Structures are given as structure tokens and as C-alpha cells.
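Consider the two complexes below, in which chain A is the common component and chain B and chain C are the respective partners.
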Partner chain A sequence: MRIRVISSLIVLGSLIVATAALAAAPIKIGALFAVTGPASFLGEPERNSAKMVVDEINAAGGVKGHKLELVVYDTSGDATKAVQLATRLIKDDKVLAIIGPSTTGESMAVIPVAEKDHIPLISCSAGIKITEPVKRWVFKTAQNDTLAVGRIYQQLQKQRVRRVSILTVSDGFGSSGREQLKAQAARFGITVVSDDTYGPKDTDMTAQLTRIRGIKPDAIICWGTNPGPAVIARNARQLGLKIPLYMSHGVSSRKFIELAGDAAEGIRIPSGKVLVAGLLPKSDPQKKSLMTFVKDYQRHYHAEGDHFAGHAWDAVMLLKGAIERGGNSAATIRDQLEKTRQFHGIGGTFTYSAHDHAGLGKDAFVLVEVKGRDWVIVK
Partner chain B sequence: MHRDLLKFMLFAAMILAAPLAFQGGYLMNVLVFVGINTMLAIGLNLLLGYCGQISLGHAGFFGLGAYLSGVLSTTYGWNPWQAMPLAAVVVGSLAFLIGFPILKLKGHYLAMATLGMGIIMYIVFNETIDLTGGPSGLSGIPNLSIGSLDFDSDVSSYYLIWSFTLATILLTLNLANSRVGRALRAVHDSEVAARVMGVNARLLKVQIFALSAVISSLAGSLYAHTMTFISPASFGFNFSIELLTMVVIGGLGSIYGSFLGAALLTLLPEFLRAAQDYDIIIYGGLLMLMVMFMPGGLVRGVPDLFRRLLKKGGDRHA
Partner chain C sequence: MQFDQLLQYTLSGLSTGAIYALIGIGFSIIYNATGIINFAQGEFVMLGGMLTLFFLETLKLPLWAAIPCAVAASTAAGMLFERLAIRPLRRPTPINLVIITIGGSILIRGLAMLLWGKDTHSIPSFSGDDPIAVGGATILPQHLWIMGITLLIVAANKFYFYHTISGKAMRACSYNRRAAGLVGIDVRRMVLFSFIISSAMGSVAGIIVAPLTMTAYDVGVMLGLKGFCAAIIGGMSSGGATVVGGLLLGVLESLGAGLISSGYKDAIAFIVLLLILFVRPQGLFGKAQSERV
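What follows is the complex of A and B.
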């Protein structure tokens, strides 16, 4: 009798342990963000929002009963470190997928590692080379520069503007924008009449703007990330330039208005919808995701959730979707990622396919303008 | 001399056996970069530690080697094994030519001139977009291979890189113990005295500068073919300073010191990752303590520390 009780207790015990182990087996996801260093303006919000959304998913019971476990490493924006840490995520932490890195340079360096070890990588950087040509294991959430340039040119075409001057920063972001600005101009009947660059750390761009003033273009397009474009806005105001000024999605945050002050007034940029989430019509398919994201981010970090944070949010949610549809290994997660259809995220509406691992369309960008020290949608 | 050879054999055996201890882990990948950094630190140490001439632009030579090798093999379809020596020859000759005017300068002026040289090279990598790919980098660089053996895994790259590093160590150890090495140290202590003794100090400095650039260029080529992607950010001023830190922390004028410095600066951040957000503070603090209490570098400081500890222990017993 006693033996039977003990043995049944043992069986029961082992059953409980087994089910607990099954339910608890977490799914490990790696993340590489440039939390420190020159690209920390990307990496920090990305890490914050990735952690936030993973916590929310786990609090709601995980994905199909599995908790998500996020392993984040800081690359400090260094390509060599990014490669070492990607190897660490794959070999030592044995993650099933990697989110990040934050910059195009790091992403390009990590791609060979992901391709070789067959681990899905969802990059949070914008460079067009990341997913073109399509690489089997590599996806991305940040909008291509192609789309941003297209959005500006579309507007210029509508206003019958033909002659533009471009002023771009000499880093990865700027040179990619410069390439696209020059390549797409002809398609919209636009000629680039002058092509100037400035250094990422320059503090005065009066020289370039004076030159541009002499050329008298119909519009100026400046491509860069903070603080350069704010300096350009101020310089243009000081020189009394009346030429319409367009900038890139690289400055799409309230920070830009803070930096440029009154000089920001009237400047137009193509931007992800997160910047004007509150102003979007209810019919917008992204509205629900955007409002959730903005509110959650505000609650957790008491800060404005920008589109950089959105890239990481999208990446985690895309993975969640892939796992829900049955992805349970690196290979099946990859296959399911590729089957993502009409996911309304922060950066836009994603539809991946075997030929498209960037997944976004023209509707990812809206044109916004600074009016009364705030961003408004240009109708 | 026999003892030196024995020491080298022991060191080489340790290096060759290391993969057995780290089987398959990511540390193998980090150790590959320890090898590359060791080569770079030795190159700079020849110049700074032995000859007493500072360079704040060595990341430029490193980058030039990487880009020459990368562009030749990727854009022009060269065999990497041909691109690598060509890059080394070009970088060496360039350094030889730059060396004559630059090495006439001393102290702060030399530091400034080499700093400028490094920054100019960085700007060239960054702005010649059609050739180097500019800030978004150059990708798709082929791996080195011998026959059907492709050096694309961590373990195979480890042996590839470390055979180059060990060869560099052997070469520089021999150089340091030869007549040239003694002449270098003489120039370090007093250039005038060295010249009085019949050392052609000017030519010697330029030759060492060129040799140091060749070693950096080889390290650069190896880096390019291992990473298969390069971008200018890896070859900027910050990296020149990191190299300088490796040499100083490891020990000026010591080949094994350069290895210790490179290993410490490459591995320490990996171990400190456990401290999460505080890693940078601990890292900086440790470096500061080492410079304060081990001015001769790790290679002299660590044995000193042991000796002092042993002595203390001995006193207590007595």
C-alpha cells in the first residue's frame, strides 16, 4: 500500500515537473543595439522598446504558452563588436532569431554570420543594401531611403518644382540618401542642380548655403540626422533664404524642433506615421498599433516613442507573429516571417515575400510640416 | 637565446592548443580578433616601444591594407593571396615615402603629424565612394582559401590568423635581439649618441616605420578577408588610440607585452558585459589603475606584483 502511494506520488511529481518544463521552455531571442557610442540615438530607444514589448507579451501569457526571453548586447556602433556578439548570441546563448543591429554598417557586417549559421536576422537599420539583393535569412523593419526620397519627389512633382539643390551629410545615412536623390530625380522630371555635402560634426553650413543661394534652385533637400539639419535650418534663416527646405526622415522627432527653434517653421519632411499618430484619421490601418505603442512607451519611459523605437517594436511583433503561425525553430521562424501579410506595425504595413524582405510600400511615409512648433500632416 | 626560443615554443603551443579549451564557443571568434590586434600592437610597439617614435595614425595603415586587399579582390576579382602582399608592398612604400619628412619631427609635433596622416586616410576611405563604397562600407569580400579549404569558420580563421601572428612574433623577437634591435634602443635612449656610434638613425627610423606599416597592412588584409565586410568607422582615430592603449598597457618595448595588451583590451569588455550598464565605468577604472600602478605595463607589472606578494608572505613567516 505504502509503495503504491509513493510510486504514484513519484509519477505525479514527475508529471508536474514535465508539464512545468514544457510550459516554461522560453523562446530565446537575441538583440544587438548600439546603446552607447555615436549611434546611441538609435540603439537606446530600440533597446527600450524591445524590452518593453517583450515584457508586455510575457505579462499577457507569452506566445502560445511560451515566454519570450530577450538577450540584449550593446555593440557601441562598432562593426567588429557586432560580429563578435552575433556569434555569441548564436553559439553561446543559442537564440532562435536576432533583432538588430542598429546601423547599416553593423548590419552588413553581421549578415554573413546570420547567413552562414542559418539564423533569421531582422535588422533595424535603413540601408537598402541590407535586403537588396534578397538574402535568405535577412529581413528589415526600417523604411528604405528609396521610399522617403520618392515621397518628397512626388510632392515636388505635384507643385511643378523642377530644379533642386541637395545637401547631404557624409556618413552612411547621407550617402545612401544622396545616391537615391540623384537616381530617382529624372523619373519625376526633376534635375539636381547642385550637390553639396557636409561633415557629421560640422557646426556651420553657411558656405554651402551661400553657394546654393547663388544657384537659385526651386527647393533645397537636406539629408542628415540631428544635429546637422538643425544647424542648416538656422543658417538658412540667418541668410534669409526663402527657398522651400525639405529634409529627410532622419530628423523626424520633436527633438529637431527643439534644436532648430523658430527656424524649423515651414520645413517639410517625409516621416513614418508615428510622429503624427494622434492626428491620423481613425480609418488608418496603423492607427491602433501606433496609439498602443505611443501610450506604452510614454508610460514606461516617460518619453516620446520615436520611429527608431518603432523599428524594434515591429521586429519583436513580426517574430511574435511568426511564432504564432507555427515557427518553433530558426528555420521555421524564417519561413513564417516570409509569410507575413498585412501586418500593421509602426513603420508601416509589412508584407514580406520571397522577393521582398523589406516589406513596406509607399504608404509607409506621410509628408509632415512644422507649424506652430509642432508637426502637422501636409494635405 | 635558447631560453627565448623555448619561451616562444611554449607560447606557440599554448596558442595552438587554445581552441581545445574553447570548443565552438563564441570566444573563438573573439580570439581571432585578439590575433589581429596582437599583430597591430606589435607593429606599433616596434616604433613606439623600441624606437621611441609615436604614431597616432596606425589605424590608417590598417585600413589601407584592408581596403587595398578588399577592393582588389572584390571589385577587380584578384585572388586574395595576391592582393594581400601587393597591399603590403604599397602600404610599406607609402610609409617609407611619408616617413622621411614626418620622422624628422619629434615629440608633440610627430604626434600631430601622424594624427593628421591617419585622419587623411580615414577621409579618403570615407569620400571615395565609387571605389570604397564610402561610409556604408564594402561587402562581399571573399575569404582566404587554400585549395578546397575555405577559411570561413571561426576555428579555421583562428589558425590562419594566428599563424600570421606567430610568424610576426618570431620575426620581431629576432629583430629585437639583433644588431638592428640594439640600434633601435640606442635611438630610443638618445638619438645623438646613437648617431655618434655610427647608427644611421634617420634611415633606421624610416625603415622601422615602414616595417610597422607593413605589419599593420597585413593585419588589415586579414581583417578584411575574415570579416568579409569593412567600413571606414573601424579605421578611425579612436582605433589608433585603442592600439596605443594596448601597447602602453601591455608594456612598451616588449613583444609579449603587446600580446597581453591586445588580449586584455579585446577580452576585458566581453567579460565585463556581465556588469550590464556599469561595464564602461569598470573598464575605464581598471585601465586607470593599471597605468597608475603598473607604469611598465602588464608584462613587468604582473611579475612585480607576484614578487611583492611573495615577499610579504615570506616576511610574515619569518
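What follows is the complex of A and C.
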């Protein structure tokens, strides 16, 4: 009798195991984000939106019956840690693809790992070096600085502006912007007449602006992330500067207006479309993705989903697309990623190819301006 | 070089310098009473700004009520810091104490980050944002507040240290702790007092700059360092010399950024710091101390 009970239990148990194995195994995806540390303004929203979109995909039944399983590690913005965690994701967690890291420095450090172990990596950082030259296993979702600079210069050229002063922050983001601003100027018939910098923790930039006022440029371009540009906006107002002020996509959020207050009026920036999702015409191909993303993010986190959060959203959705089209191993997912065509995401419309693993065109950026304490699209 | 440009650099420098001075005096008061450099001084500056924000936004107090509450709360934090971290130390060698203050600053910053998050916040100006023209240059009403409050605090300090019993007792401690103890001054109480005064001053500095520079959990680091430079230039005096040190530093930074290159702004502050430490370790205005044997 007892033996029968035990053996039937064994049979029952093995049945349960068998059915669990039959219901498709989950697909493991790794994620490396700088959730803490100096780049946490990137990593935190990225982690939030990656978790959000994976939960939603699973709630809707997964991808082709497979649930997604997201393994997130915090790199705290440290390249060495990012490499260790990437190895751990590949060797211990046996993930099929990795999303992140958040910063260009970490991405560059992790690339050799992904290349060696043949794991597709979708970086969420902007540096142009990540996908140029093209690396077989590496893709990215964040818009290149080149595109942002190009968008500003295109506008300046249209307004026949010739002389610009640049004021950039002395960190990775600022120096990359500074390089691009100087490199592309000539192509648009623009001369950079002065080149100033400020420290990421500086609290007063009137000295730099006074100098620029003396030079009398036609426009000022400031490249940095909060709070520096907000201080600059306030300083410019204090000095009564009448020169048009352009800033980077690094301040593309409502937070900037909140910090700069009235001084933000009239400032123009190139921005991902997510900032003005509600204002886009219905004909815009990204409108549907953008509205879904903004509403979901608001519902889950009671915060504004910014374009950083969008990078991770795009990465997960691109993977989903690749798996739907038949990717079921690291190699096939990579091949299918490369075949992505016209995916309307948050950062723009992605079309990857063997020669282009960044996938975005000029239409990824719109030029927006602060009017009445809100962002509006510059026509 | 146009005159109004020069004037603008100087005015900007003076108003930034006033803040450095206020933070610098906080350093010197504690140094004089205890012989230690309190590297957590910058965190009280941060606490001033962040607590004001907390009282304004979370407790919905008006600005005039939020400011004293914030000063009181940061002063309490300074007291707590002295009681929990400085006083219990069994063998208070200067190096131990300095390391404790560094640890304390990391702890305070971490707690602030956990409590209030990593975002930068702005605080409304005390009296509007309309620039005031001075010659060809412009300043904001907030700059006047900064300079005025700094002057007031320096004057109050002077009065306290030279015309009150406890102020005189504190000066006695700074000259010779043991002798002060022998004549009946409670040295440990004076140490507590010094922490109270300097944390209150630090928080006031943090509050009056916050409308201009905005505030976040990590603003204390750089401001603290600059304040430290000011104190070194002033030879760790808790009066006029440190004020001059702070103003000098602010003006040098601003002139350096304007006339030479903005890339060297912070370098200028630290080069000045190193030069003073090498050439005149007693401060720009101090007399060299002679050791009596």
C-alpha cells in the first residue's frame, strides 16, 4: 500500500515536471544598467522600463509561448564591474542576449566579452564608437550625438547663422558633444568662434557667458546634462543675453524646465520624439509606440518616461521582434536582429543592416523649444 | 578688455566667494576648537538646501518658516554627529577624527540620497529673479541676500568670540586645550558648541545659495572643498581672514574662467590651495608661529 502511494507520487511528480518542460522554457535576457552611481539618471529609468515591458510581454502570454526572464545587474557606472557582470550573465545565468550597459565607457569595455562569447549585445548608450565600425554582435538603441548636433546645425543653417559659441560640460557627454560640434560645423558653413567648458558640479557660469557676450556670436550651443544647463539658462537671463540659446538632448525632460524656471523660455533643443509624444501628428509612424510607452510608464512609476527609459524599451522590443521572427539561440537572435526593418520605437524608426547596427536616421530627432513652461515642436 | 566685462567677473566672483567664505568659517571654527578638519562640513551645506526643500515641498511650509526649520534640523544633525561620532572616540588623535568626519560625510550623503533621491531640485529665490544692473554688469537680488547674510554672520561671529563668555572660552580652547581645561572650561562642551555653530552656518550657506545653484544630495562635496580652500587661504581664522580668502578664491576663479580659460577654473582654486600650503602654511595673513621650547 505504502509503496503504491509513493510510486504514484513519483509518477505524479514526474508528470508535473514533464508538463512544465513542455510549456516552452523561458528565454533568459540579461541586462546591465548603471542603476546607482553617477550615471543613475540613465540606468534607473532604463531598468524600470525594461522590467515594465518584460512584465507586459509575459502578461500577454510571452513571445511565441516563451516567457521572457530578465536578469538585471547594477554596474554602478563602473566599466570593470560591467565586464565582470557581463561574464556572469553569460557563464552563470546563460542568457541569450544582453541589454545595456548604460554608458559608452562601459559599453566599450563589454563589447569584447560579447564578441568573444557570441552573445548579442544591445547597448543603451549613445557613443558613436559602439557601432562604428560595425561589430558582428553589437547593436545599439540610443541616438548618436552626431544626429543631435546635425539637427541643431541644420536649423542654424536654415536661419543663416554663421558664428556660434559652444559651452560644454567637462565630462564624457560634454566632450563627445564638443568634438562633434567642432567636427561638423564646417559642413553647415558654421564657424565655432569660441569654445568654453564648465565642470559638472559648477554653480555659476556667468564668467563664461560674459566672455561669450563679448565675442557676440549669432547663437550659443550648450552641451550638458542637468543641472549645469539650467544654471546656464538662469545665468544667461541674469546677464540679459539676447543671443539664441541651443542645448543638447541631455536636458530633454520636463525636469529641465522645472529647474530653470522662467529662464528656460525660448531655449531650443534637439530631442527624441518621446518628449513631445502628445503633440506629434497622427501620421507620425512612432506615435503609437510613443503613446503606449508614455502611458505605461506613467501608470507603473508615476513619473515621466524619458528617452533614456525609451532606450531600454526599444532594446527589449527589438529582441522580442527577433525572437518572433524565429530567433531561438544567441546566433539566430543576432541574425534576426540584423534583419529588423522599420521598427517604430521610442528613439526613432530602427532599420538595422549588415553595415548599420545603430539603425536610426535624421528623423530620430525633432527640434523643440520651451514655450509657456512646456516643450513645443519648432516647425 | 571692456570694463563692464571685468566688473561682471568681479561681481560674480564676489558672490560665489561669499559662499566659500561662509563654508570656510565653518571649517575654521571646528578646527580652532578641536584641532580637526571636519570634512563633513560640506554635507551640512547640502543638508541646509535639501531640508529647506523638504519643508517646502513635503510639509508645505512657506519659505520664511521652512528656512529656520531647516537650519534647526541641520544643527540638530551636527549635534548628533558630534555626540555619536566624535565624542565616543576613546583615543581622539587628529588622524582618527579626520577619517571619522570623512566617513560621516559619506554616511550623511548616502542617507540623503536614499531619503530624497538623486534628482536636482530648485528652491524659489527669496525676492524675485529680476536682475539688478550695477554699472555695466548685472547681479540678482539673491546675490545681495548672500552678501548681506554673510556679512551679518561674520559680524555675529566676531561679537560671539570676543564679547561673550562662551565665545572667549572657545577661543581659549583654541589656544591651549589643556590650559583651558585647567582653568575650568568644559572643553568637551566647547567642542559640541563648535559643531553646533558650524553646522548652523553651513546650512545657512546651503540655503542661501540653493536658489541660484540648485541643490542635490551631492552638492556638498565641491562646495565643501572650496570652503576648505578659503579656510586655508585665511589661515584657519574664524574671522575676516577666511572671508577675504573666500572672496579672493571666488574672484580668482571667475577671472580665470573669463580671461584665461574656463577649463582651468577648478585648477585655479587648487593651485592656490597648494601654493598657500607650500609657501605660507600659516595662511595669507597669519604670522608664522614660533614654537617655544
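Rule of thumb we're sticking to: the second predicted complex is superposed on the first by the 357 of 379 C-alpha atoms of A that agree within 3 Å, B and C clash if a C-alpha of one lies under 4 Å from a C-alpha of the other, contacts with A are read in each partner's own complex, and residues count from 1 in each chain.
Methods note: contacts are C-beta pairs under 8 Å (C-beta built on N, C-alpha and C of every residue); 3 or more make two chains touch, one makes a residue touch a chain.
Keep in mind that this is a model prediction, so the values were computed, not measured.
**Student:** Chain B versus chain C on the shared chain A, clash or fit?
**Tutor:** fit
**Student:** Quick one: is A:Lys129 in contact with chain B, with chain C, with both, or with neither? Answer first, second, both or neither.
**Tutor:** In the superposition, A:Lys129 touches chain B alone.
**Student:** Thinking of the overlay built on chain A, is A:Asp374 touched by chain B (first), by chain C (second), by both, or by neither?
**Tutor:** neither
**Student:** I'd like to know which partner A:Asn226 touches here: chain B for first, chain C for second, both or neither.
**Tutor:** In the superposed model, A:Asn226 contacts chain C only, not chain B.
**Student:** With the two structures laid over each other on chain A, which partner does A:Leu239 touch: chain B (first), chain C (second), both, or neither?
**Tutor:** In the superposition, A:Leu239 contacts chain C only.
**Student:** Contacts for A:Ala207 in the overlay, against chain B (first) and chain C (second): which applies, first, second, both or neither?
**Tutor:** A:Ala207: touches chain C, not chain B.
**Student:** Who does A:Asp262 touch here: chain B (first), chain C (second), both, or neither?
**Tutor:** Second partner only, chain C.
**Student:** Which partner does A:Val83 reach: the first (chain B), the second (chain C), both, or neither?
**Tutor:** After superposing on A, A:Val83 lies in contact with chain B but is clear of chain C.
**Student:** Is A:Phe41 contacted by the first partner chain B, the second partner chain C, both or neither?
**Tutor:** So A:Phe41 only meets chain C here.
**Student:** Would you sort A:Ser170 into first (chain B), second (chain C), both or neither based on which partner it touches?
**Tutor:** In the superposed model, A:Ser170 contacts both chain B and chain C.
**Student:** After overlaying the two complexes, what is the shortest C-alpha distance between chain B and chain C, in Å?
**Tutor:** Superposition on chain A places chain B and chain C at a least C-alpha distance of 7 Å.
**Student:** Which positions of chain A sit in both the chain B and the chain C interface?
**Tutor:** In the superposed arrangement, which is not itself an observed complex, chain A uses residues 170 for both chain B and chain C.
**Student:** Which residues of chain A touch chain B in the complex?
**Tutor:** 36, 73, 77-81, 83-84, 87-88, 90-92, 104-105, 108-109, 111-112, 116, 127, 129, 170-172, 174-176
**Student:** Quick one: which bits of chain B touch chain A in the complex? Just the residue numbers, please.
**Tutor:** Within the complex, chain B touches chain A at residues 24-26, 29-30, 33, 126-127, 129, 134-137, 139, 152, 154, 227-231, 233-234, 269-270, 273, 280.
**Student:** With touch defined as at the start, can you tell me which chain A residues reach chain C in the complex?
**Tutor:** 40-41, 44, 167, 170, 196-199, 201-204, 206-208, 210-211, 213-214, 226-227, 230-231, 234, 237-240, 255, 258-259, 261-263
**Student:** Where on chain C does chain A make contact in their complex?
**Tutor:** Those in contact with chain A are residues 2, 5, 8-9, 12-13, 15-16, 118-122, 129, 131, 138-140, 209, 212-214, 216, 218-219, 221-223, 253-255, 257-258, 261-263, 265-266.
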